[in-house]
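Notes to accompany the following structure.
The first chain written gets the first letter, and so on, giving A, B and C; residue counts start at 1 in each chain.
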Amino acid sequence: VSVVTLLTDFGGRDTYVAQMKGAILAVASEVQLVDLTHDVPPQDVRSGAFHLMAAVTSFPPRTFHLAIVDPGVGTARRAIAIHTARGDYLVGPDNGLLSPAAQRLGGAVAVVELDKERYWRPTRSRTFHGRDIFAPVIGYLARGARLEEVGSPIADFASAIRFPEPKHVSGNLEGEVIHVDRFGNLVTNIPEAELPAKFSTRVRGQTIHGGAAPHYQAVPAGNLVALVGSMGLLEIAVRDGNAATHLGASIGDPVRLVSN
Amino acid sequence: VSVVTLLTDFGGRDTYVAQMKGAILAVASEVQLVDLTHDVPPQDVRSGAFHLMAAVTSFPPRTFHLAIVDPGVGTARRAIAIHTARGDYLVGPDNGLLSPAAQRLGGAVAVVELDKERYWRPTRSRTFHGRDIFAPVIGYLARGARLEEVGSPIADFASAIRFPEPKHVSGNLEGEVIHVDRFGNLVTNIPEAELPAKFSTRVRGQTIHGGAAPHYQAVPAGNLVALVGSMGLLEIAVRDGNAATHLGASIGDPVRLVSN
Amino acid sequence: VSVVTLLTDFGGRDTYVAQMKGAILAVASEVQLVDLTHDVPPQDVRSGAFHLMAAVTSFPPRTFHLAIVDPGVGTARRAIAIHTARGDYLVGPDNGLLSPAAQRLGGAVAVVELDKERYWRPTRSRTFHGRDIFAPVIGYLARGARLEEVGSPIADFASAIRFPEPKHVSGNLEGEVIHVDRFGNLVTNIPEAELPAKFSTRVRGQTIHGGAAPHYQAVPAGNLVALVGSMGLLEIAVRDGNAATHLGASIGDPVRLVSN
């Protein structure tokens, strides 16, 4: 059974996501459908790209990922499908949304522009390509269609979305917050491999000593703690609390690691 | 594999929806379950009817739709199942919730009242027929039971929910807003087929010139745009913005098309 | 097809739930996945235990339930799997979260501590055992692994979470509100079997006469009504309204049944 995931900015109040699933099931009724998230802030391609990148490696190889955050729907922006080095498929608009995930899955080995209308819904709207073009295409791919059947090869695709990389500045490592999760944990762009042997973490005027803790409960309740999170990135949390609220922190805030 | 969809006003905080799925799976463990939405405002049958109607045609024929917005649960209101001309099944309370969807699927070819207790859960509550009656019944239908097995034929069913139709008034077309979606787009009751050749759209004291645009980005960011949405109905949007907020608009607001 | 349910406090904004599903599907791609709820308040083990207990009996026997509300992740708290008398499996942290559900399913017939690393993900984080330990383990169980394969037998497990039982005090039955649902209905801890033949219900200074009503519409719109809800517990509702708001009520408020 092929696994097909969906990520959008459609929310849960309307039936847009369900309509996409209906269109997938009309083509491939036996797939395993999994929602990644549909609460990407409206039209926030960057946030969608982060969540897609965060999720894809937890799925088995040869998973089919459909991602739609598509403010340019109906314009000349291309619709694409990517085959990754790990064997996964990424389908969505060519606006950078898919790029970080493709990179995390080993890079693209083939990319096509979706221009074969016989793999689309017979009747199509101008505003909902998620349902009318992308959903049936990923259905056909999940059923076994080859990438070259559903589109024409292209040499490049948008990689406009890049997450900042931490920098070494006068002996310190300067990173930043790239995501705030539901618990108020601050996810930074600093990977475990780049952590100094011993360091303090500075964020929003506060200093967290002792490097990376083994778990949240290494500090007393209410205290700040730095630790390596589930993506392998340094995170800042408050034990039994909310670091974003506690610090007044948000995406983009600088995080500095001072070696000691 | 049969596709079974669920639409309720139960929200996601409680496990009511999951309990219904458990009751379906107890009867038919191999169905493909799809949530339409569970964020219908509590007891808002009209809103539920809109969302069900909006979603059903995106699914393949012979899909099984379970819809529960049921303020009259436990009273004498009937529980019904409808077989549509397109081959789909609609199951829910007989309070008008299913009527617009049935009409959009070609009309009802058979309707039964669910009165065969052997297709219900052995133990039943008085307040949760969604789990105790409707869920197992749709499970049996999805497994292949005939409509006449699960209920007794009835000649009519409630069609209390009707969405207003646009009217021609002194050369103009007078419609109204029937839905506001997550993006703040205003969905009107004016179908594409009734659009004049050339027209301006008037809503909340503003005028949108140029008829229906091909896509959202046909206007500069922040501007109002009228276009045909994914249901084939005229929608009013703000490019990269929220039309409902921008105009202070809500359901029921008049929308007038002036031919020019 | 095995049914695997998931209950967490992860919310829907992030992809944590999806990552767990990916890890399950990497082991067992053909399971039927069902979300119980992911809107448990962050780290509220008691609320999670309530929702899990409320949902499990609606599922067929031999369902696999994965529940993660785990403020102690990464510490010495044990990870466990329980086999219940009814034939279900419960997997999660040993912090009391699973205990009320186990009891409702007939009690535990076997319990193991999850200490067999070959059933875990090859690479593991310190903060996301839901994905890295619990998810693959439940995948293997759903595929048919025996409890003793995935862990070592233990004699006991945490049962710290208990819901209060109603008490008889000078001829009255004294209970309390243990849950407020989406509709504002107040779920009490008083089971149907303990209701007096005739009684009035007192809550927040109000008295509801006439014992338990057959359904919500037994009273005029806007009025308070007491009735037996879908869990077999006495509930207090407002017809076409919200009892929690109407009464200013919340979890822990006393509810007294006065026989008459």
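Operating definition for what follows: contacts are C-beta pairs under 8 Å (C-beta built on N, C-alpha and C of every residue); 3 or more make two chains touch, one makes a residue touch a chain.
Since this is a predicted model, take the numbers as computed values, not measurements.
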Next on the checklist: Going by the touch rule set out above, what shape does the chain contact graph take here: line, ring, star, complete or other?
Outcome noted: complete
Checklist outcome for this item: Rounded to the nearest 5 degrees, the rotation mapping the CA atoms of chain A onto those of chain C is 120
Checklist entry - Over half shared or under half: which fits the residue numbers at the contact of copies chain B and chain C, same or different? => result different
Checklist outcome for this item: Cα centroid separation, chain B vs chain C, in Å, comes to 31
Next on the checklist: Give the residues of chain B touching no fewer than two other chains, as numbers and ranges.
Outcome noted: 12
Checklist entry - What residues on chain B touch chain C, complex-wise? => result 10-16, 18-23, 25-26, 29-30, 33, 42-43, 71-75, 125-128, 131-132
Next on the checklist: Please output the residues of chain A touching chain C within their complex, sorted ascending.
Outcome noted: 1, 3, 5, 7, 12, 32, 34-39, 51, 54-55, 58-60, 63, 181-183, 214-217, 227-232, 235, 240
